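The structures come next, written out as structure tokens.
Two complexes are shown next, each including chain A; its partner changes from chain B in the first to chain C in the second.
On to the complex of A and B.
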């Protein structure tokens, strides 16, 4: 009897913990502050430099710890037609985003600047089309495509027809050090 | 008078071909050809414009205005083709999909590469050496609005100039002797999603050009530029008011469904025609007798049909226009309110065929929807439309009304996944051009065997970004997993005579010769010579990268017959290799990656020209 009561307490405590944890997962972080976008102006696209090594580019994007923000990033990724070029991570007109090759860098600030500035081989500039907050959410989602955000944050089910495995099931691979080669750089120019 | 002259010419051409093929047969003296034998009257012939004297050159990708891709050369034939050897090769240095046909003018070969659209002039007297190279320097950003790899489908020669289009929507004229640019005209705007990938055709001193960008919500057009100066002579849109479409009093469509005023506006939701596609990225044919050009228009945008109730004219249509003024003469909308991205851009082969005991001037169109349409090219009447591939989404074409009958449960829409739609979005046959032989009377059709799942989603128009609104996943059609087929089709009997299955979609063009050999290439890198009558593969050669180009046949300065093909996999079907895409996402590259996950196991990229001859 006593044991049963104790078990029940444990059960309810566990259930409460789980529930509150999932609440946290879905928490809409209205007060979450993404990195200041001024930071992006100093973003560099390579770790290579003359002289002694400097610390590599590491930016913390708070949205990467927030499932709601990542799912918002996914919604924006589709609505802004990112999906029309990169599809659900496999790429098409633009490069794949679910693999380990990052032409212009895998750091959140590098992805942010790629979206805002555009890139010369076909990536359009979305400056003045999205606000900074939206770009940080898209950047968080883009990193989820290759398993760079925690599994409990990444979307785990698409409402669409079954495409690639869910973002939360993507195998994480460390980004290749030297990045990718733009397709155009493989041509005689 | 004119008629009898033409009949005479037909006979002469017939005699010449027959004599050629007889000369190559080892076994015994062949009987003199009897033009009045049942066989001869039964066989279709090429249009008059295809019967020009064979001069051993290759001046436009389709060989002639009738687009038959028939070479009158017969040194290489079905018997001796097994001895074909590489004569010489040339690396283009470009790694994207090579869809172009090389041109041969005199003792020079001209090769256009995919983006960055380099034009090479190669010396045939000193094979493979570069006479000159012309670089148009297209805008790099154009790569971001090219839906399906960075392809170019070739150049055209006329009046001492080479004409071709660049990915960033410019048309250039280059002096064929010196490589100097004669003129360069901007014809489209990449910021609106316009590119140009088609090969121009030159008709009566005018260069005909059309745009690409049906996946970007562009408004499709065709325009004529003066060959001498590059100035616009006329421009016709494929959607919008009649004045923009160049529809006037001469416009007489055959079917009631295509008749009416300003249908290019009234068959769309308000203003949707402005971003509704109907591009011209495929082939144009020309009939000098009727002075008409024929082309097909591309898919409407977006793919999700719920966004554009109505017939969406004049997308997915075959259109005949006056070659001088561009005025529309007739149009037939093959796919009203397209549901599956079945562009109507495929080639029109101009032939003359016996139909119900009467000789008819027709155009033969192996269409994306999986039917071979035989259409009277003077009136636009559909004489027959029989399937050449596996179909689940349509039930045939009503020849009385011209209507394509759809299967209700295969109609896609927003928030709905429809499975097992055959053919898939690239259709039973995409851009890859077929060939016609007046000797066998057969049309040689390279095509796909693909089906798809299709989900309509909301589409947002943002200029310069994709406007598709669909998730697509393709896979092999029925059979052993083969995704390509090469079919010899009898347009009179309306049936396949033979068929070869291929592992991957046959994305290369075909060519057929007076030696009764058909050439085509495969995406796993085999260039094949096939007996045009039996379908027996008599020779094949493994090239470096998969083939999606157009073979051409020419007579070299040494008098020998050569066959040339560009290898270099890519295009929509080969985007997985050319763009390094990830096979884990079957929706990648508009869903084509779903069907091509194993292509990287069979082919890497790399552009290379191969030229073959007998030893």
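On to the complex of A and C.
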């Protein structure tokens, strides 16, 4: 009897803890400060360098801890037609974003500069088309595609039909640096 | 301050609704008072003493004449209730039919599309070039029936101008229609009447009822492309507008900006409010809205814009010239 009561207390305490955690998820940071965009001017896109190795790029994007911002990133990802080339992460015309391979780096600041500056072989520049805030949201979403953001932050469903499992179910893939251009963007032989 | 009250009707439909409402109010008010009077009488009236015994023992012996009287009273009450409810039923049926009887050939058609959280308004015309698109402000001529075609792009909203008519929902993927007519000139405030998300409370619009000539003048002005910038600052402002993320969502007819995600800004300076009735349309409010709209209306789709001060001033000059 006593054991049952103890178990009940533990159960309700756990339930309360889980519930309060899920409340936090719905907290919407409308004015979270993303990293200053000036940071992007100094970002390195490659590990090749003369002399001793330097530590890799590490930038904290506050939007990666904000479920609302990541879902906004997802909305913009559709609206800005990222899906047109990268599809829902699987890639096709552009490289896949849900795998572990990163051509220009997996750090938020590297993704930011890839979106803003554009990249050879087809990635357009979104400079002056999106403002910094929106790009940081998209960058957060892009990282959620390969499970780089916490599971309770990543979107758990799509508003429309979509092949892959939800971003929140994606296992984290440690980034692998891969050079070159995606197979799909190679010159036809 | 525009009027927003169902108690001061400005059109035949709101007039019918309010007369039905007042009838129900008076009848149910009278019923309430009568019931309360009976209740008070029951509370106040002393109990009959029980044949000389202690006064606090109630008399529960059956009393045939009293029983009969009571059942007459109860039956009369039930019959009255049924009659009253039946009168309500007939009256509201008649009102409902009358509300829907406005179909006339000579009408104006206005399409309203609900967005989170603003109203897209376009005036239908057989010739596409005569279609006017604006936002959050509807002008209609006095005395002429207007057919509203309502739909939504995201969630369910509800179109409600209390001075003119009841509510009609805007449903995504489905076109609802409602008719209304305004008999009295004036500015009436409407708002979304179906909870639609974070800024549901800041989703208002105004209906301007004016004589036909004034309406026509407004319509022709809205039809024109955006005014060309006349000063250096306005020219620079247009450059800022066209080379910044503004163009990704907004339209200014006569320029390259043609996106329809956000409100049409071709004649933004002619409108009375900003952000769907949230702010008065002044230079300061406009500046605050452009730079940091998330502070004013958290969750809206407009992102913050960190513009250089000179660019911002030029942009404001340009936007304020779009009369």
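As a convention for this text, the second predicted complex is superposed on the first by the 154 of 189 C-alpha atoms of A that agree within 3 Å, B and C clash if a C-alpha of one lies under 4 Å from a C-alpha of the other, contacts with A are read in each partner's own complex, and residues count from 1 in each chain.
Keep in mind that, in the parts below, contacts are C-beta pairs under 8 Å (C-beta built on N, C-alpha and C of every residue); 3 or more make two chains touch, one makes a residue touch a chain.
Remember, predicted model here, so these are calculated numbers, not experimental data.
In the superposition on chain A, A:4 makes contact with neither chain B nor chain C.
Of the two partner chains placed by superposition, only chain B is touched by A:88; chain C is not. When the two structures are aligned on the shared chain, A:79 is found in touch with chain B and with chain C. Once the two complexes are laid over each other on the shared chain, residue contacts for A:53 go to neither chain B nor chain C.
Of the two partner chains placed by the overlay, only chain C lies in contact with A:128; chain B stays clear of it.
Using the contact criterion defined above for the overlaid structures, shared-chain residue A:160 touches chain B, although it does not reach chain C.
In the superposed model, B is the one of chain B and chain C that contacts more residues of chain A.
Residues 79, 129 of chain A touch chain B in one complex and chain C in the other. Contacts from chain A toward chain C in the complex involve residues 28, 30-31, 79, 128-134. Within the complex formed with chain A, the chain C residues making contact are 198, 243-245, 247-248, 261, 292, 294-295, 298-299, 303-306.
Residues 93-96, 115-116, 118, 140-147, 215, 417, 453, 455, 457-458, 460, 462, 464-468, 471, 473, 575, 578-590, 593 of chain B touch chain A in their complex. Of all residues in chain A, only 78-81, 83-85, 87-96, 98-99, 101, 120-124, 129, 160-165, 183-184, 186-189 touch chain B in the complex they form.
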